[in-house]
Amino acid sequence: MKYSIVGSNKTTTREEKAAAYIFIACAALSIIAVVSITAYMIISGTPAIFKVGLVDILFSTTWQPTAGKFGILYIILTSIIGTLFAVLLAVPIGLLTAVALSELVNEKLKKVLKSAIEMLAGIPSVVYGLLGILIINPAMYALEKSIYAGNPHHQMTGGANLIAAILVLVIMILPTLVNVSETALETVPQHLRLSSLALGATKIQTIFKVVIPAAKNGIFSAIVLGVGRAIGEAMAILLVAGNAVKAPWPFNSVRFLTTAIVSEMGYSQGLHRQVLFTIGLVLFVFIMVINIILSRILKKGEEDD
Amino acid sequence: MKKVVSIFVAMLMAFTLAGCGGGSTSTKSNEGDLSGKISLNGSTSMQKFVTALGESFKEKYPNVNVEAQFTGSSAGIAALQKGTCDIADSSRALSDDEKNSGLIENVVAIDGIAVSINKANKVKSLTKQQLADIYTGKITNWKDVGGADEQIVVIGREAASGTRSAFEELLKIENQCKYAQELDNTGAVVAKCAATTGAIGYVSLDAVDNSINTMELDGVKATVANIKAGKYPLQRPFVMATKGKISKQNKKVQALFDYINSDAGQAIIKKVGLISAK
Amino acid sequence: MTSITAKKTRISDNILLALIGICTFFSAALIVVIIVYVFSKGIPFFKFKDLISPQSALTNPNGLLGNIINTLYIILGTLLLACPIGIGGAIYLNEYAKNKKFVEAVSFATEVLSGIPSIIFGLFGMIFFGELLGFKYSILTGCFTLTLLILPIIIRSTQTALASVPESYREAARGLGATKWYMIHTVILPSCLPGILTGVILAMGRIIAESAALLFTAGSAYLMPRDFFSHFLESGGTLTIQLYIAMTNAQYGQAFVIGMILIILIFLMNALAKWITKHFDVNTKE
């Protein structure tokens, strides 16, 4: 390039060099951001572990910050169980919707459905929370009353419970599941479908025996993304789940890792605040594990191709 | 005992405030000169009062912005100690430690904590003991306190709330409460009580509206008159703490406290449903 | 199986088909139900006056102008930061990078960044930009935090857009003796601008919808700016944050009004992005 025929005066080379350095800095920023986020989550999350004790934080169930008890076992379990069930419910719905979009409906209907799913993905999570409080919670209260009427061993929660939160999470992760699995199904080569049909398989057989297995990597990454989204969601379930620290039984009022941070961060101080950062660190560890799994799947997908 | 102390402190502070007010009125001739910002941090319970105060103060001193964050009483006090704000709003009395660190407890108003229930609930009155038993989980059904056969949904605030610590402290049930829901906002407690037939909750008196009923405690209604007379048991001071005496603060902060003690400031206290500390 | 002409329907096929129908209907009906519900609850409380007047605890509790302005500030600030960085990063990855390890590391980091939940960004923003760098609760802190959040969206959409520029453009430019940067800013960027723009609009949608990352960074104030620049250093809550505040305060009327506004905004963003994509497709065919 130095020998360019349009003239290679020094200013151009300097500009060229500057541009290259600026761009490399921009690209490096992603890495810097991830490294510093990781560093800061560890720096701010670990002091409380040393002060309270790892076992007393992670494996104790009593959360009483004002009495100096910071057990987050129930909070961790709630996040795991809530996410698990939300994903279990959302995966079939999302996958079958994706099947319809990619394999069954005509172009026009597909466009409409895809816009609908896109809107669903774009709606702010607080709006889902609002709907959860006003629609799902009262419905749960009615259900709870009919199941536990006169049962003195059950503490009435007024409908703010684990099931309500799971239902909100299902709606929240549905668009991710649909979009990613649909993309995966679309990339399945047409000749696989055609050969299956030519062998006499019905359309439905082709979809479930050929197309879905062929797209399994993509679908799996959709599920992992869904898990990440569900475990990281905060605002939508904040008021829906009741927010008392209890064991994650369906009709118990529960607190998630995310909602524990949001609901007390603004008000806390000292050790209590540090423990909230530890909760953030636990959440961060979960997310990093999920990310690593995801990148493994993507890599494997590339190798398979 | 605590109540008596807090009222005494309140009166003392009110006098001090009045004194300061008198002292600085002379310098107030050039009001337009004050400019900049006053930063406040603290109790969410005081949000309504502080924002209203800030706005009307700005009308008088257009160049001063009252910037308020509502992060909770303890967080506000911590911020004041670190020096990141001028005034800490606290909806509880300062602890001895906090006072020893040089903070001054300026009580600006008194707030009652009302026990809120759903409108459909027929129970009108509880004793303090019954209330404590409900919150500690010993009583779980409204029929045990003279109501319908309906299980009680115990609603409270999050751990660092000034309202919660005041409520638990006044009933002597610190860290023993068994909450079914922990909400991080006064308004949310009102809304849940309004929507849930078996609910019981506690909120600042100024947050009470006609969507809920309030409970009599030991036969005493949660009213301004009863709180002022010291008859209603659940009451607490609203403190605007400063680092060092008010007279040592900058002109803007002094002007704010003068304003609180003026008729206009007292009118705001009334307007948001609080009781004057004077 | 026995005949090649007569179609034999299988029961299991029909069951699966019905299930697919139900699930698809559920997914599509959800958005309809949500929109109808939010609008039916929001419209009775909607007053145009609220959009053009700031909130005041004493006189105008429902005013939204302050929040609308804050939202614009945050969108503007975040895009001003994220666009150059994101587009620059993508240009490096697609046009300059030779070190495969580095490209892989950046891609992995971008992927991780897009997988981190906003509450973690909120925590990081609060302690890093807010406390360590001393920006406290301010719109600027919010902008810095959201920059990290939308960076992956900008990088990815720019990369896709850059990849769609035909190799012949580059060869032609190089053949004419253009230097790399000259080629990029005169030939490549203009031809993939619509693709980049689509990403920017999607990022805007994300900014508008964001709440958890802003609650502890930009805060929730609703005051009007005193002057244009100093407002960046003041706390300011967006519409979505105000929706959250209204929701926790049980002011459901205002919450639904904001919900309605947000849904309309998101719809417009999606429609605009689609329109540009379509426009873009037409361009490439020419």
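Letters A, B and C mark the chains as written, and numbering starts fresh at 1 in each.
Here, a contact is a pair of C-beta atoms (placed from the backbone, for glycine too) under 8 Å apart; a residue touches a chain by one contact, two chains touch by 3 or more.
If you're wondering where the values come from, they're calculated on a predicted model, not measured in any experiment.
The chain pair B-C and the chain pair A-B differ in C-beta contact count, and the higher one is A-B. Seen from the C-alpha centroid of chain C, the farthest chain centroid is that of B. Computed centre separation for the pair chain A/chain C is 17 angstrom, with centres defined by C-alpha atoms.
Put simply, the C-alpha centre of chain A and that of chain B have 38 angstrom between them. Multi-chain contact residues of chain A, defined as those touching 2 or more other chains: 239, 262, 266. In chain B, the residues that reach two or more other chains under the touch definition are 70, 183-184, 188.
Across the assembly, chain C contributes 248, 252 as residues in contact with two or more other chains. Residues of chain B that touch chain A in their complex: 44, 70-75, 77-78, 137, 140-141, 149, 151-155, 158-161, 165, 174-175, 178-184, 188, 192, 195-196, 198-199.
Per the touch definition, chain C reaches chain B in the complex via residues 56-58, 136-137, 219-221, 223, 226, 234-235, 248-252. By the touch rule above, chain B contacts chain C in their complex via residues 48, 51-52, 55-56, 65, 67-70, 84, 183-188, 190-191, 194, 271. Taken in their complex, chain A has these residues touching chain B: 64-67, 137-138, 141, 145, 148-152, 154-160, 238-239, 242-244, 253, 255, 262-264, 266-270, 272.
Of all residues in chain C, only 1, 10, 12-13, 16-17, 19-21, 23-24, 26-28, 30-32, 34-35, 37-38, 84-93, 95-97, 102, 105-106, 108-113, 115-121, 123-124, 126-128, 148, 151-152, 155, 176-182, 184, 205, 208-212, 215-216, 240, 243-244, 247-248, 252, 255-256, 259, 262-263, 266-267, 269-270, 274 touch chain A in the complex they form.
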